[in-house]
């Protein structure tokens, strides 16, 4: 068959809604993943200023949620900080309310600045402090309000890229702006957060954790104690996963949350895994080397590490630990048998 | 703040790799899923002819896999027949061999035409007949060859859109074209396929089914017996899932496979679910009404039903059952808590 | 303290309902299990004759269930054939009915002689043939009747010793002698027994298998095919577990059922495990050596192998396979982490 | 058949190791469980004195474990406080050591008196204080020693009746009296006990909890907080289960541990369940009414509630909560599908 014939053959396939696999085998079946996402850091000082300006430009009512989404330069215009992960920084000004709604997408909040705003989830309010992890799981009603006298900023983490790729997202708005409080504020946190004792009179059949908030006061104590006597993982130092007390697994089926501490001066070995992650710096100064790119980070910065990227972390400060919160799509990949991990050559 | 200021504000955000959520809230958090995929049918007569012409244009060596991918008109150029599902029709001519490889993506084959070609998986060959379901699971070595004297055509189903969206795919080529046969041909099928007895001397720790092939001879018998005394589901008639004997669950963690029979003249009720599916007509003539669009189908046609599309099936023949094979992303959605189903108004 | 003082101390403890652990440490914490049960065989010819005489002595009405319980000589008067396992041979004469009842204890029937009697379970009758395995699971209504013109004898297996040791048994009698038939006879068997296809319109939430009967016709075919090309386990030959199609696990949470074939002349290696088992000889002649004791067995004999007893099997016939059905408490021990297995020296 | 014939028939059955089911159907298949165990309380003052006398009569070396076993009056001479549960009070005098051993049986310790003795489990010592729950799980090496200057007494709980009924117990003695310490004292407790954060660098594949000790300091805080705002279960008040952080399930597969608080003056509703339990009074004075029998209890008393016994609890003190620790066979019964619970008429 002549070359012209072949070309006319290929040109005509589209009309029949078929295409030859053999012309894109390498794209569809790559040797290994090469993420379209890139390593990237969002400086808190920059985003904070933009966020405060947004406070002038749009009211909370207009915005419903006043959030600047972190756009991975390799993925934009897709709203994603890393491959399967959405991240945003949300501002709620004093007196503002973000009205009640719910969605199939799973969401978490990690408090960055301010004190005293609340998130209400399924009838329970939690009063938010810096470092608290607050869950607003799939299809749970939630609303926010800031009754303090200072701006409140937190990091939002959602599984939007994946749930939207799967076309499985739903949204529901409530008739009331704020939910009725059916339980005392922070009661699930008091009940569950401080021990390994589970209340037997609570029958919990949701697939996510019953805790509304994992308070920083608890997290900080655990990290401090661990740093004193544990070396942790060579790749991640002393790193903990926030767990669902009912299953011992991730806080939500789609998203795992972690907090880790690097001792003063500690540098880790390099590795890679198919899961991707968004990191938020709670305290400390350091850097992460990701596929050869050095990301310097300081307090309140947020950065993304793409899936299968070789990475290692260094705490450059000689006198204080560096503390990193992160969230990841690890449970999705593990559940499907697609989580792989491999050690790599150190890049420094 | 003036409108100009706001516009300059928005215009400048991209430089900082952030974007306002409030300007695309409805897109990111839709009321309910609206699939980009459309209902579509690929006629076998059309694709078969294109496939046979491909047999003249490219050799198996050149093509490695001579497959025409079914491109959903709503998703192209993405290689997807439905949202999370890849489908293709593969031709192996007499004497041809498709060399051994493996990939993280999960694959299935459903035999459409021909008799006597083989697929080898992890050292075991299965000789393929029309209607057989053959699994080539994640990271399992596999190769194909046609030792018969007629063309062999089968339907390929893979989870490529989802695994590639998650950037978790890997590929490995073997040094040898065909695998060594380490077990007698079809021995796992003989061992597992005909009963509910599990061999206790086989310790199976893979996340997928130990069967290489679910033979049509078995499937046909089960369908025939069920049609005689069962009414099945109002939405799907007498519909069976092929299961992993070790777990009772789907044959592979990413893909569920089904076969269903509609009695002569039977029409189903309408429903919708977040999972999407690719159907292949084994025998019979009928139609499916999908979000108001009527898809007429006959033997060997393949069609796609997008996620959350309202659909119902009708067997128009008064004298023979219609038999449909299908595969779906149902286990992924179920595992993440994102599988929803709802009844709907009948569309006819 | 004088010896007399000590003795008076010990003598007085009983009044306070306490006893010294240190005087029976070895008994309570043995080096390894030494079963009170002994290896034992019940000859079918003997029990059958006793059973037929029972048919003259008591009517089915008087007996409710005309069963001779197999009493392990080491455990009597406890009604147990092996440590956690009850076994009995039941006779139903032509025209007799065993009225409907149910109990928390789990039960199985394995048909030994006769053709055409029925067991009804939860509204479905199964017509029994030799070699069929019939389940009457925990709290399922069941009744039996013999509409044939010959005596019907089957082996009953229950978890009575364990459930009664745990004091968790309940019993309920029905107001009617025979259950209403709510499904066609043997419909679950036709639906589930012949393949690895699960009906998707059946939502099954019981902890036991949905099959009422695993018919011998299926089992025999699987064994025959396996004997032709498989060597099976060195300890058990070609041995299959009957499984629950919904879970891939045991047919009932308390009892696992197996069938195995030893090739003509085959002798196995020796091993031991903490689970105990009751065996029933379907066909063939051979012997099992159990803790040094040789048990010769022939068709329809029943024998017990205590837990942790070293055992091996020999098929003495040079021309036909020996086929053994067995049931065991393996799932209980596995679930609690107490299942151990170890190879042992061959005893022949 | 004459009555004499029947009697001679029955008399002869024993020789053939069979017995008629129909003569003991009611015993083997009771309407509902009637526990052989009886409600019983062991006064701490009494057992403590006997234990101290034992300290004079036998040395720790002679006794290996100086334990007075609590013998349920309905079950003696079986070493059981309730149906499936062994309980004992153990004394370790200053300077004494209980040498390292391990057993398949699962064990727990609940500290009753003293401060500063240790239990070492798999290379880690925990220093014991009143109210601590210490696990010595199946097949884990453990030893005890008292380096304080006062007697140390704790409650032992084991699954001995059940594991020995199942004939699955094993025992191993170590060559050394005390284990090498491979981890800092109480390091697993510090790592796991105070939060819902799981260390990700610890890969834990045992079926039991990784915590050696659940310290009272944590438990007391949780109870106090819960009493302030929770009403708990109508049957059990504010009752928590100690859980395995890796699974969210019971601390060991065989034994569940609970702690509950009854508010001043609180009396519960009555119920019954097939699981049985041993209770230990941490503080407070009250009574439990069990199948009509009133058990008065005070600090450090231990009492047993048989399975399926109707029971309710009353805190008679108007000014302080009553706190009860308990352990139970609930996970065994639940796993087998034999856990039943039913409300009952109040008995006061």
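Which chain is which? They are A, B, C and D, in the order written, and residues in each are numbered from 1.
Everything that follows uses one rule, which is that contacts are C-beta pairs under 8 Å (C-beta built on N, C-alpha and C of every residue); 3 or more make two chains touch, one makes a residue touch a chain.
Remember, it's a predicted structure, so these values are computed and weren't measured experimentally.
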| item | value |
| --- | --- |
| Chain labels contacting chain C and also chain D | none |
| Intercentroid distance (Cα basis), chain D paired with chain A, Å | 42 |
| Centroid distance [mean C-alpha coordinates] between chain D and chain B, Å | 53 |
| Residue numbers of chain C (touch at least two other chains) | none |
| All pairs of touching chains, each written as two labels joined by a dash | A-B, A-D, B-C, C-D |
| Complex contact set, residues of chain B against chain C | 184, 187, 190-201, 209, 211, 214, 218-219, 221-222, 225-226, 229-230, 232-233, 236, 238-249, 258-259 |
| Residues on chain D engaged by chain C in the complex (per definition of touch) | 1, 5-6, 9, 13-14, 16-22, 24-25, 28-37, 40, 42, 46-47, 50, 53-54, 56-58, 62-73, 76-77, 79, 83-84, 86, 88-89, 103-105, 138, 160, 162-172, 207, 253-254, 274, 276, 306-308, 329, 332-333, 335-340 |
